[in-house]
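The following block contains the structure, expressed as structure tokens.
Every chain is named by a letter (A, B, C and D) in the order it is written, and numbering of its residues begins at 1.
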Amino acid sequence: MSNSHRYTLIISCPDRAGIIAAVSGFIARHGGFIVEASYHTEQEAQRFFMRQEIRADSLPFDAAEFRQRFAALAQEFAMSWQLFDSAQKKRLVILVSKQDHCLNDLLHRWRSGELLVDIPCVISNHDDLRGFVEWHGIPFIHVDMQANKAAAFDKIAALFEQHRGDCMVLARFMQIMPPALCQRFSGRIINIHHSFLPSFIGAKPYHQAYQRGVKLIGATCHYVTDELDAGQIIEQDTLRIDHGDTVDDLVRYGRDIEKTVLSRGLRYHVEDRVMVCGSKTIVFR
Amino acid sequence: MSNSHRYTLIISCPDRAGIIAAVSGFIARHGGFIVEASYHTEQEAQRFFMRQEIRADSLPFDAAEFRQRFAALAQEFAMSWQLFDSAQKKRLVILVSKQDHCLNDLLHRWRSGELLVDIPCVISNHDDLRGFVEWHGIPFIHVDMQANKAAAFDKIAALFEQHRGDCMVLARFMQIMPPALCQRFSGRIINIHHSFLPSFIGAKPYHQAYQRGVKLIGATCHYVTDELDAGQIIEQDTLRIDHGDTVDDLVRYGRDIEKTVLSRGLRYHVEDRVMVCGSKTIVFR
Amino acid sequence: MSNSHRYTLIISCPDRAGIIAAVSGFIARHGGFIVEASYHTEQEAQRFFMRQEIRADSLPFDAAEFRQRFAALAQEFAMSWQLFDSAQKKRLVILVSKQDHCLNDLLHRWRSGELLVDIPCVISNHDDLRGFVEWHGIPFIHVDMQANKAAAFDKIAALFEQHRGDCMVLARFMQIMPPALCQRFSGRIINIHHSFLPSFIGAKPYHQAYQRGVKLIGATCHYVTDELDAGQIIEQDTLRIDHGDTVDDLVRYGRDIEKTVLSRGLRYHVEDRVMVCGSKTIVFR
Amino acid sequence: MSNSHRYTLIISCPDRAGIIAAVSGFIARHGGFIVEASYHTEQEAQRFFMRQEIRADSLPFDAAEFRQRFAALAQEFAMSWQLFDSAQKKRLVILVSKQDHCLNDLLHRWRSGELLVDIPCVISNHDDLRGFVEWHGIPFIHVDMQANKAAAFDKIAALFEQHRGDCMVLARFMQIMPPALCQRFSGRIINIHHSFLPSFIGAKPYHQAYQRGVKLIGATCHYVTDELDAGQIIEQDTLRIDHGDTVDDLVRYGRDIEKTVLSRGLRYHVEDRVMVCGSKTIVFR
């Protein structure tokens, strides 16, 4: 995605003939220049998904009017749809514990301009990473989880809303989110799990992998749902290991996959490339 | 690609607003059901590429009439275009020398129904593989290259035309095609080169790779042009090696990449997923 | 492994100082030329593993005398050990159902001289692949599994012994081996499972993978034990898929990983590179 | 490599029978406990390479005395050899221009304790990264390259020696090192090149890759010699791209491969796992 001003139109609706024609006809009638277009039919669900990026300067109206004018067509095809304006950066609230490899990676992408988001704050249950975060000019908020976990999660939810977060990123947060919070921010919480799901759900996946004697380890970036490590998968990757690698080696290699997989999955989400269909995602790369 | 009857429409034209709308509008007006749609703009060339698969039974006319009706629209947008009918299987003529790993792989995919093509004949400059090819019920033609190479290539060209070949597959043929033949069948000759091009052009690429001390080897499936190993790349892959691997090991590992890369690239070609733009390919997977 | 005559010495014993010195001292005293040497200590088990290939022509005695002379040293260090003679090819009995992609791959490696084994027979519960197997000059034995499964497995075990099989290869055999048979031929039955274990154990793993929405699929080559799909893993690999791939696509891609992973794992076994330690393997590549 | 105190013995010598026995015999006679042992014979050069890690506390003498006692044996076998003491951390001097993705990655690995080295200073031809480096408590030295390039390189060489550098890391330094400097610090300068060498030597490799239409891009970590981008390769990796990726996308993806490949290659060097043989490296992982 370049940095030019664009609208991204995301649609899902029951599959039938004529959808592409109707939507691209609507855009063409207003002189809209499509920069990127992707389509997918989910066979079992008989549902059609599409994503289109349109150059904002090719249209004679703004996002608000776009939405207004498009509504009738959307209704005709029973569409679920959203229009995103690239001028409105997504606001990411990052949650982290003590391990900072994912945080270090995300903040570098942010400060180098690769990840086009706002980061209103970083929240942690430890105070260790305050200096590094604040060096970036980003507020660091320490929320103690020891005394009262429920209250702590309430505070996190309040902070997320207060900072108008669009997406909560669990960058190795190491705390299980309460189901109510998962439901409340459904599709807006992204986690990195340090295994190739569905293998090795839960705690200490690298130890589990070591015990089982697998020949590859992996990491999974997924939406958080109320079932542990069972949310829709956005991105995964694996890396070859061998019998000579200790658990410590797996943990070390794993950090590299975790940060790569999280940053890729997060980028897809931030660029509105991810659509959810039941237990799966469609990722329009 | 499923086995149902489909038309595949391949278009390239100067980029401008409204192309998708015009084409999808044409299809929709006739009730056409789009199964798969892909688009790409080549920025430097300012050229637009598209590929659409349409269910044949959703249209009220056949391929010939489709072509007739579509011509006016194509002219308006100055399109280069083709319509392929999935009922017309591509005819592959396979050329091979003595090494048979690619041939063995392709024939298995053919006889198991994975590769939906006709193979009117296999041509070789050696007689070694006659038994294996004929066991499949495919004619095997031995063309001697020793005595008169030019005459041999003339004979190959004649055989290709006589068998109404759509695509000539050099499945480790180990002979350099004469430029005139490359030009005559431009875009229709596919080769597998046993290196990650543009590294290690020409003879004995695994020996070159071994001498250079690379840590990965590769293979490249490409169209054959009149410049050696410089044709448009369709597919590539690499595999990790280490200092313990001898040249013989590289050759052995290499066979596995070669056959995988050739079969993938060939499949893209057979399914009309590959479009050429200058020195590059667009592959709509 | 080159084709020259070699002995491969495989040892495991409690870890302590001086093992390498003792073994390499023994070999050196007899003028033995070590071609390849690998070592590993399994930390939890405090057990040492080693593998050494020695040029047969550098030693003044044959394999039988080697074993006799080495016994005292082995006892001193409480070694489990074996000496393999490269002149004694392993005898593989291949079991297959109807899908022949792994069989086609293995037979090609065998007839091209890449896989240095004897294949005394291929056993199948269907008669479909008789022609292809017999074309290779290999006996094909049809064992009916419908009428009496227990009797059929007894017959398979009898055939394996009668053909003096060293290793039983389940090349997509699609039948669950009875526990008694697994125990009887422990460490000698190799299976290819069409998932990245421990994910998607049991039937229809590609369907399971599709439903879960994973972004990579995989295959696993493992020893068969009396617990389903829980044997020691020899080799694994994964391949990227995306939302556009149907179950049929996964099955098709999967065939390519299956045959690659099986042939690699099997090669490690045949070259005596695999040692078992509890639930894991050490693979000296 | 764990953090316990160890000696690493690196040897190369003409290949013959009895080397392993002699060296492991020497170690065993003094009660030395070998933690890791690796061997390799370079066939063409008929040269033998070995690496052994020995627990320091298992030996009755220190590194100096080890070297003294080992000298006679080394002479007998005409060995080139070195003994490294894990208590002596390597000193890395990092050179960087404006792009900081590799620097950010290396400094994180250093501050998290993953990369066990000392970093006496970071040198740059720009002042941009001063703040980030100094936040780590590491001296940042700006050397102007504009006015007098030869004088600047003299200064860099002087700084490297003054800070007692063991290894100079070109973390996207973007300046061609003068041949005299390459020779003076032979085997001690490590570069990351942003292509899969030998493809795309020299400037703007991602642009070259884009123009050629390759389907994978890569990065190469290598020793710097007096021939541009022709030094011995330590580590490489590749990543799949497709026709939809712009040059900017390649540059962005490339950063991820570059930092991974550099950190892996550097780690091998720091752990004394890399030995050079002519134009190639042996990497004992």
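Following the convention adopted for this analysis, contacts are C-beta pairs under 8 Å (C-beta built on N, C-alpha and C of every residue); 3 or more make two chains touch, one makes a residue touch a chain.
By chain, with names taken from UniProt: A, B, C, D = Formyltetrahydrofolate deformylase.
What you see is a predicted model; the values in this text were computed from it and never measured.
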item: Contact-richer chain pair [A-B vs B-C]; value: A-B
item: Whole-Å gap between the CA centroids of chain B and chain C; value: 36
item: Distance between the centres, which are taken as Cα means, of chain D and chain B, whole angstrom; value: 41
item: Where chain B touches two or more other chains, by residue; value: 244, 246, 285
item: Arrangement of touching chains [line / ring / star / complete / other]; value: complete
item: Interfacial residue positions of chain A with respect to chain D in the complex; value: 2, 100-101, 104, 108, 112, 114, 135, 244, 246, 248, 252, 255-256, 260, 285
item: Chain C to chain D touching residues, read off their complex; value: 17-18, 20-22, 24-25, 27-29, 31-37, 39, 41, 58, 240
item: Contacting residues of chain A [partner chain C, same complex]; value: 40, 42-43, 196-200, 211-216, 218, 232-238, 242-244, 246, 279-283, 285
